[in-house]
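Both complexes shown next keep chain A, but they swap its partner, so chain B is in the first and chain C is in the second.
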Partner chain A sequence: MDAGIRTAGLGMTFPGRRGLHRGAPKVAVDGLDLAIPPGRVTGLLGLNGAGKTTTIKIMATLLRPTSGTIHVDGIDVVAKPREVRRRINLIAGGERMVYMRMTGRENLWYFGQLYDVPRTVLRKRIDELLELVGLTKDGDTAVEKYSRGMTQRLSIARGLINDPAYLLLDEPTLGLDAPIARDLRKVVARLAAEGRGVLLTSHYLDEVEELCDHVYLISDGKHLAQGSPEELMAAAGCDRSVRVVITNPSAPIRAIATEFAATLGVTPTIVAGENGELEITIRHAEDVAGPLMSALVTGGAAISQLEALQPNLEDAVLTLAAGGAVPAEAEAVRA
Partner chain B sequence: MRHALKVLAAEALKQHRMYFGSPMVLFSMFVWPILQLAATYYTVRPVASSPGIAQRWPLAADPQSLLAFLVTGALGYAFFVSLVQSSWQFSIERQSGTLELLFLTPINRLVLVIANGAGALLQNTWLFACFSTAMLVVLGNTVHVAHPLMFLVVFLALLVPAVAWGAFLNSLLMFARDAALMFTMLEEPMWLFCGVRLPLFALPVWMRAIGSVVPLTGSILVVRGALLDGKGVFDLLPEFGLLAGISALLLGAATLTLKLGEARAQRTGQLSLF
Partner chain C sequence: MRGGVTCNHGRRGDLLNALVATFRRSWTVTWRAYPFVFFLATLMLGGLTVGLAYIALHVIGGGQVGRDFVDKAGTADYFSYVAVGAASFMFTVRLFLGASRDLLVEQRGGTLGALLVAPGRRVSYLLGFAAFGLFQALLEVIVLIVFAILLGASMSPVHPFTLLVGVLVLTVSVICVAVPFACVMVTAGEAHITQNTFIYAVAVLCGFTFPISYLPGPVRLLGELIPITPALELLRGGMSGHGTLGTMLPQLLIALGLAFCYALAGLAWLPHALRRAMERTF
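Then we have the complex of A and B:
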């Protein structure tokens, strides 16, 4: 049995509207091959309308794919959706998806009953989940009195009520304050460490970079790239950059910087500052700050500033989604 | 079965908290049928006083019998209309996002809609008790019950078909984006065609034909037969047979509708549209 969620050539085309206001069919997902193994947070990224939510809903059995296959631990999602539903759960961002007039505890109990969780197990699990999401004190308060963050935390607990092997997270931190989002990220990391497979979509790419070991990038429902965040950044040509400011510029120091860059196969950006200082920037996939500093200091340079800039996933996603073109900002650095 | 009972308990709690729990709702649930009953009684009363009514509708000639007739109709109607209302609540679930969550669970869809309807009816059990007690106290000499257990039979004759009716309505309305319109369309015919306010023989044939497919018609026949005419279980066997047949048909239709509705929702993604 193949553990994990696996899709092969997954496709979903929504039918066009019929009648007076006819519309063309809409291809939302087109030939995706994805793998969400247990014990890992897998990211699914793409710009708006890329097909992320549709993909997640197919995995959650809420939508039926029009082509391709999808299996959860070897179980065909289309043929045996009820078996799959016992193994998965879905958490989406926003304040929806809980009953506002029921308490947090009652919400969890309600969904536990629907999932047929045994009574003694359910009672214990509700307590554990309320503690996990920091709602023990407010468990008996009506959800309508919760803050947005509390409601979202309850949503996370609701998504875990059936002890799912796989958790599908669709923008789980949408609209949350930074401290609450950080706490939720800790919870997600812990869930993966416990052995659950997690699929995460998020517009907060720092979050994806922090949590995901593997990321799929899709655009218009099609696969664009995959790999670790670092691999995606490399694939997008998003290099690290080192910027140093030298207060005693001279021709030999310029030569040292140029020769150092040449050994790496790149061209440095050397700009003279308004106060006579020299600003040197070198972009490279590896971290070259240390060797560059050594070379310059050995050559007698007086360094007033050193800045090592890491590439980020946002650059990579924008680059790759735009068809691989280097973003204008990076281009300027290179020029 | 054990899982079905768990879902029933869950739905009963949800509906109590979400729709029936507030004192205002309880008050309106009690007052609204009384207002409806009063409006109906004072509308029909002048007609019942007209010359020759005793030949055409003997029961109407006696004000107390007429009132008992209308009370039993209102009791049946209150039971069934609560199911239409609970079905309508699915449109709220669609907007709050919880409808998708229900479909995310492995629960059998028919069990879910039956539990939803039964959960709504449980909230009305006290209403049945109040109506029955009021009838015995106020209209004591018009109530003729063959055996005290006939109250239980009456309750079941209301409960079982109402649950089937509720399951059918739920299966229709949970996939409907414009449930408010359907609610209006379903509410009035129940008043009109099922013998709630007027005896079936007073209705035109086409109205009786429509009313015959709504189980409320049969339930009211049983209620009146058992509580007003002193009929026993065996006397009411034809009505029970009719109700059983209609209930089975409604559950079959609900199963089919759920299957088709969910397949369509999976094709179009409409569960999250509102």
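Then we have the complex of A and C:
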């Protein structure tokens, strides 16, 4: 049995609808091969309309794929959806997914009943989950009195009520305050460390960078690239950049900067500031801040500012989604 | 915890578990949402329905009904006839709304996805909604019957067993008819047009306030295609005594047969309707 969620050639085409008439069909997912193994947080990234949510809905058995196969621990999602539902759960940040008039504890009890969790186990599990998401004190308060963050934390607890082997998280921190989002990230990391397979989509790419060991990037429903966040950044050819501000500009100092950049095979951006200072920016895959500083100081430059910017996943996603150049060493991760 | 998946896999009681849990949840939510209005509305609706029938008979009709009504309805007691019809109509509407509309309410409330990703059988949710609708319907009908008796209606059944079977068949018929309507509501993403179409149609076609023999032939045929019509005939037979379970066996079988067809069509459509709903959700 192949552990994990595995898709092969997964496709989803929605019939086109324009009012009561048929329109052109819309391809939402097109031939995706994905693997979400246990014990790892896997990211699914793409711009709006890339097909992330449709993919998650198919994995959650809410939609039936129009082509390809999908298995959870070797179980066919289309043929045996009820069996699959016992192994997975879904948390969608854009949806409430809990009942506002009921208390947190009542919500968890209700969903526990739907998953047919034995009563003695359920009572203990509800207490554990309320503690896990920090709602023990508010467990008997109606959800309508919860803050958004508390409701979202309850939604996470609901998603764990069946002790799922796989958790599908669609924008779980959408609209949450930074401290609450940070707490949720800790919970997600802990869940993966405990052995659960987690699939995460998020527009907060620093969150994906922090949590995900492996990321799939899709665009227009198609597989674009995959790898660790670092590999994706390399694949996108995202450079680090160094920016220095010099207060005593001169022709020799300009020449030093230009020559230094030339040795790296790049062209510097040199801009004269309003107050007579010179701003030099050099982009390169390696960290060249140290050697550049040495060269400039040796040449007599007085430096007032130094800024070294690391590339991030956001740059990589934007570059790759736009069909940006891929360095030769990163070709392996390109789809 | 580790993804150990502690569920009672495939236990036969899971359908009942989900049904009972859904009933309890509906009760909790409804009671907290409308603690006072819920019962006040029930009292008012029952009182108004019977009150209007009383006014129609005594103020507009002078307390008399025509000869043709006696021929077609088999009784000259119009007020009791309408009281039974009004009670049945209220029962039908409340049960129908409970069984058909709640999936859409779940969708609008953002909880349908959480329900559908759970392994509970879809039909157990529908039955849970229907069970709560039945509970509400019975409460309202009891109130209405009390009002009707106070206004002089004869509400004691001649054949109690036939009446009981009639109520059961009416309950089954309404729930079965509600299933395809639930699919229409979830697919279309709206409830008002669908539910009102049903309510107006059954009000006219099923013989709640007048015998369907008053209707022109093709329209009457439409009424006869709804299982609620024969179920109501059975119920009236038990109430007025103009039929026993033995003589009304055809109505019983027709009602159950038609109900089965509606349920079958609805259950076949349900997965498609829910997927359509999920295409629109989050």
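Everything below uses one rule, namely that the second predicted complex is superposed on the first by the 314 of 335 C-alpha atoms of A that agree within 3 Å, B and C clash if a C-alpha of one lies under 4 Å from a C-alpha of the other, contacts with A are read in each partner's own complex, and residues count from 1 in each chain.
Definition applied: a contact is a pair of C-beta atoms (placed from the backbone, for glycine too) under 8 Å apart; a residue touches a chain by one contact, two chains touch by 3 or more.
Everything numeric in this text was worked out from a predicted model, so none of it was measured.
Annotation: superposed three-chain arrangement on chain A; chain B versus chain C shows a clash. In the superposition on chain A, A:G195 contacts chain C only, with no contact to chain B.
Of the two partner chains, both chain B and chain C are touched by A:Q113. After overlaying the two complexes on the shared chain, residue contacts for A:L264 are found with neither chain B nor chain C.
Contacts of A:E128 after superposition on the shared chain: chain C is touched, whereas chain B is not.
Contacts of A:I75 after superposition on the shared chain: neither chain B nor chain C is touched.
Contact with neither chain B nor chain C is seen for A:A308 once the two complexes are overlaid on the shared chain. In the superposition on chain A, A:A235 contacts neither chain B nor chain C.
Here chain B and chain C are compared by how many residues of chain A each touches, and C touches more.
When the two complexes are laid over each other on chain A, chain A has residues 14, 57, 60-64, 82-83, 85-86, 89-90, 92, 94, 96-102, 106, 109-111, 113-116, 158, 162 in contact with both chain B and chain C. If you check the complex, the residues on chain C that touch chain A are 1-9, 11, 13-14, 17-18, 20-22, 24-25, 28-29, 32-33, 109-111, 113-121, 275, 278-279, 281-282.
Residue ranges on chain A touching chain C, taken from their complex, read 14, 38, 53, 57, 60-64, 82-83, 85-90, 92, 94-102, 106, 109-111, 113-118, 121, 125, 128, 142, 158, 160, 162-166, 170, 194-197.
Residue ranges of chain A in contact with chain B, taken from their complex: 14-15, 54, 57, 60-64, 82-83, 85-86, 89-90, 92, 94, 96-102, 106, 109-111, 113-116, 158, 162.
Across the interface of their complex, chain A is touched by residues 3, 6-7, 9-10, 13-14, 17-18, 21, 96-98, 100-107, 112, 263, 265-269, 271 of chain B.
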